[in-house]
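Chain naming follows the written order as A, B and C, and within any one chain the residues start at number 1.
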């Protein structure tokens, strides 16, 4: 479809629909080949937009900067960062939690929305699962490099060794190792399983060396219904596994803090609070990536304004949950009459890092409130603004939790004001480069929308699927609802 | 993927056999209707091919529910058992390790890794299970010889009856399918001889897998053995190798013949300030026998007594009690906790200890006795004698008669 | 496709009214049976009275024991009613289609807030009787506090249910005294009234609008309720959190846990889905909703029940493990009371804790994981009853140890006829009110635009 047609669709895009009707999730031409063409076309047809090359080189530069900073760190030691006693964890762990949190939205879209039978997930799940994988890669960098003696990081894994020692399983830091590894691997498997049919589509449309590569990667998938049967069971099982997994991963990350005795860290609400925050930040990042991507790659008829609308609703909902957690923490801090706890929260609100706290409150609690207005939810500029605000705000949330709790704890003589070094900052910027670089490569070389799943949704929208004649369905205005099964 | 492209220069016509009949449909409904017919006709080796899973097709084809969920369950239970068992064994039995007082086998702390292990194994089981059950990767299939079949992953729906099916007869199958109004119908052929996949493929993959697993296994093996005499690989040198002589370092022949970097002191050499001539002061012994009385250099005085009281209260009263009655706070608490291994500290108020040599007390303070540790490194000899003076005073205080008390002090003592 | 175009609401109009899909003789109307209702009302009240009687006869702080049993059953039924409200709200927020046929039953269940509001009154009354606030602010010594504390009504122990109503105790403890701005009876009563006002208001709004749609089929109702559901959920979250803090966390006023609200939320959902299954099955047993609520719906409700089994376990485990790991005595006190009598000596409450673990997680989690179990009426009913039992054990384990502690008898688990009678009593009252409300409206939302989708619904 021409860009003009696609752009015109935004005006045509209906997000107001009567209760009882279900929104159209694919706009424009309603045939399977059009979908294949639209998505695979991005991968197959040169020329790549010039913007892609510009972005590629910028992100490549940032990635090189990341590698340089890591090398500098390894050569000189952790002292090049701003961490010190009492703020022993700072940007390293903030960034780790930030990136892992972003990954969770991908799994939510893929797995949890699948379990809840939401058909609108099909145009965004592939890109967001890919985003999860890239976010996990960026996240894993930090625990690896922050240990000091990076060449010994394999000690975290249980293997028979000459010291006859085993890792200390009672530590949440080790639970992290297992949780994140499981999460990375499961996300990869889930993503790859979803990719198989689309790789087959690419294979069947390609020639030469590309046919070979896609052919090998597709494992010979040919759409056999006997295979689809098992595939669907496996997909459901993986989704059902990924759902508690995503809860557990960020809960385990929150355990890193909550198992301590530090006021501001040791509080029982951390697990669901962190999970809600992760989904919140992740959805913001999905919007940050997909709003431009749908524009530049001509996919607005597949990633429609209704999708953006839904994602913004989830952003608002999870932001509210995060706000609820803030409120609970503040109330219980007062209620506990524990003066250390009370001080910690007063210090957050009015101490030296108050600027960070109020930035966080504005970005996380205040800015998403514009999404109460449906017009704002469908406004791409508002979406980008809030998405970027939340990206920043969620980083600051981890900053507030980690740094403000540490910099003033029980012993006033140890109090200090932490400042990051240029190595901290450049490393973090570099991970953004790596993340975007991988995402750009993904957009260029792999189908960024789940073609087979979209076709299934299209099929349901075109044809009501009744197992048998239904005597109860009558009337000309009967809700022509799509069930939205996968 | 047409395998013809793989065979270099296959020019000569080979003997071909029918591999099956392929029907193409434009809509899923058409395919479902056809599938119902084919299933009803009793065929077993046949399949449908769709770009997306079509609901209702499983029922039409009478496909039995897959056993994959059971496989995944088995994998998950394995993961659970392994994770929980390993943690319990490693931290509870093999190398028990007290971490901040947590029990050696702490179930609450074992749950997260157990959960992750279950999910990990289940997820791997799901993915590997799909591949196994579908026998993927399978890079060749007779349908790939049809040019039209490329649309199976795009927008067309196919039905293929294999020639291998026991009911298959070319004419019958074709007429059955043409009754379902397909968009197109073709009979597919494949070579009679020769495997469709290059023969080297399977052994090559197997060998590749074996070769690839050698480095990690070697690494695993090497890490589980002691490194022996090999020097460690030391990447970041920092200031680890300094040009100086450290203790116990062999320094080669350049310096002294016995390999040392310094000469040992001659026999009988004593450092300045280390001469301990006064054996009574420093050892509590005179002529090798335990001494009685304070050393000459430390006459008894009020100041010494006061010093003794201060040091006694600091160092000794925690166990022996401020009154020397063995009821210090540590002793009392230990009795409360009924710690079986605790031997109560002595009270000083019996005749044996009242009459024992002062040198003995000195030795006990210095070197310890039974379960009491030695305090020689903590208390200088002068202070030890002060403590002994004070202990004697305590002993006197608990064994004195009223006559010893000065007359003007007697009034202060209330009757018990 | 034309149906889409017609109703796509280009101009923002809600669209044409939804039709009635069910025939007039569909089994969706419960007849009014005043004698049956009266039976439940009287039976319920009688059970409660009997429980009170038994407790008073026992003597020696029997009233205190009764109040704890009463509070346990009160929380049990309150949380289920809250679960019903949450379910209705979430259905509107998510524009759910599968659940429309069961939503009306949930709406009727949530009207029970009115019963719970009346049942809350004895709690407030007892608190007023046991309240002995310190007249002088900042009383320094215990002696002063005793002399200035307003004497409580005889027979009622000061601070019998909520220790912070005992002025003497509050004056003694610097921490408790600091909480007085929040933990004082007038503010507590205002909060309770506020909670019930909000809950009853929301219940009536959502139920009332839904019932009005039965005759008009106006799609505007959906729009209004969908718009309202989002801020209502926020109110719901906040009120359930603070209600949990007030009713059950302040039983142990020196203890606190930020997870407490979420913990009760999880339990609410869990208990509600079990109750919904049993309510629907009972109605179907008597011939109502036959062919309308199908195995597909039961499967989905069963999935939710299972999901919340897991979610509750995750929340409960997180709370336990974090407090265990930190090992701070101020926090571990809660769990120690429920496990130990003294250092290293287990008390009988540990068995209740283990019972909770096994009934709320270990058995149900694998027990009805399989779709076949959820799709079979008999097995699903079994697990629903089981889950309700587990929900009771949960609140028993939360509330009753406080009684043991107050009576210095942690070596006894005070489970007795009073507990059962309180539960039966409240159950009777709730069922009576349910029957009354259910007989006044159709049992499904007749002209909800998504009814068709719900009727045709087929699961994975």
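The working rule: a residue touches a chain if its C-beta (ideal position, glycine included) is under 8 Å from a C-beta of that chain, and two chains touch if they have at least 3 such contacts.
Values in this document were obtained by computation on a predicted structure and should not be read as measured data.
Report the chain whose mean Cα position is at the greatest distance from that of subunit C.
Greatest centre separation from subunit C goes to chain B.
When A-C is set beside A-B, which has more C-beta pairs in contact?
A-B
Between subunit B and subunit C, tell me the centre distance in angstrom, where each centre is the average of that chain's C-alpha atoms.
43
So the centre of each chain is just the mean of its C-alpha atoms; given that, what is the distance between subunit A and subunit C in Å?
Computed value for the inter-centroid distance: 34 Å.
How far is the middle of subunit A from the middle of subunit B, if each middle is the mean of its Cα atoms, in Å?
The mean C-alpha positions of subunit A and subunit B differ by 30 Å.
Which subunit A residues sit where two or more other chains touch them?
In subunit A, 244, 248, 255, 467, 485 touch at least two other chains.
Which residues does subunit B have that touch at least 2 chains other than itself?
Residues 102, 109.
Tell me, which residues of subunit C touch at least two other chains?
Correct list: 321, 325, 327.
Help me check something: in the complex, which residues belonging to subunit C touch subunit A?
1, 3-4, 6-10, 12-16, 18-19, 21-22, 93-95, 97-98, 174-176, 178-179, 182, 219, 222-223, 226, 230, 234, 237-238, 241, 245, 256-262, 310, 314-315, 318-319, 321-323, 325-328, 330, 448-453, 455-458, 460
Flag every residue of subunit B that touches subunit A in the complex, lowest number first.
Within the complex, subunit B touches subunit A at residues 1, 28-29, 47-58, 61, 63, 66, 68-69, 72, 86-87, 90-91, 94-95, 97, 99, 102, 106, 109-110, 112-113, 115-117, 119-120, 122-124, 126-127, 129-131, 133-134, 136-141, 143-144, 149-155, 158, 220, 223-227, 235-236.
Contact residues on subunit C for subunit B in the complex?
317, 320-321, 324-325, 327
In their shared complex, at which residues does subunit A touch subunit C?
By the definition above, subunit A touches subunit C via 14, 16-22, 24, 116-117, 236, 244, 247-248, 251, 255, 258-261, 266-272, 316-317, 320-321, 324-325, 327-329, 332, 335-338, 372, 462, 466-467, 470, 472-481, 483, 485.
Mind pulling up the subunit A residues that touch subunit B in the complex?
Interface residues on subunit A, with respect to subunit B: 31-33, 36, 74-75, 151, 158-162, 164-172, 174-175, 178-179, 181-182, 185-186, 189-190, 192-193, 197, 200-201, 203-205, 211, 215-216, 219-234, 237-238, 241-242, 244-245, 248, 252, 255, 451-453, 455-456, 459, 463, 465, 467, 485-486.
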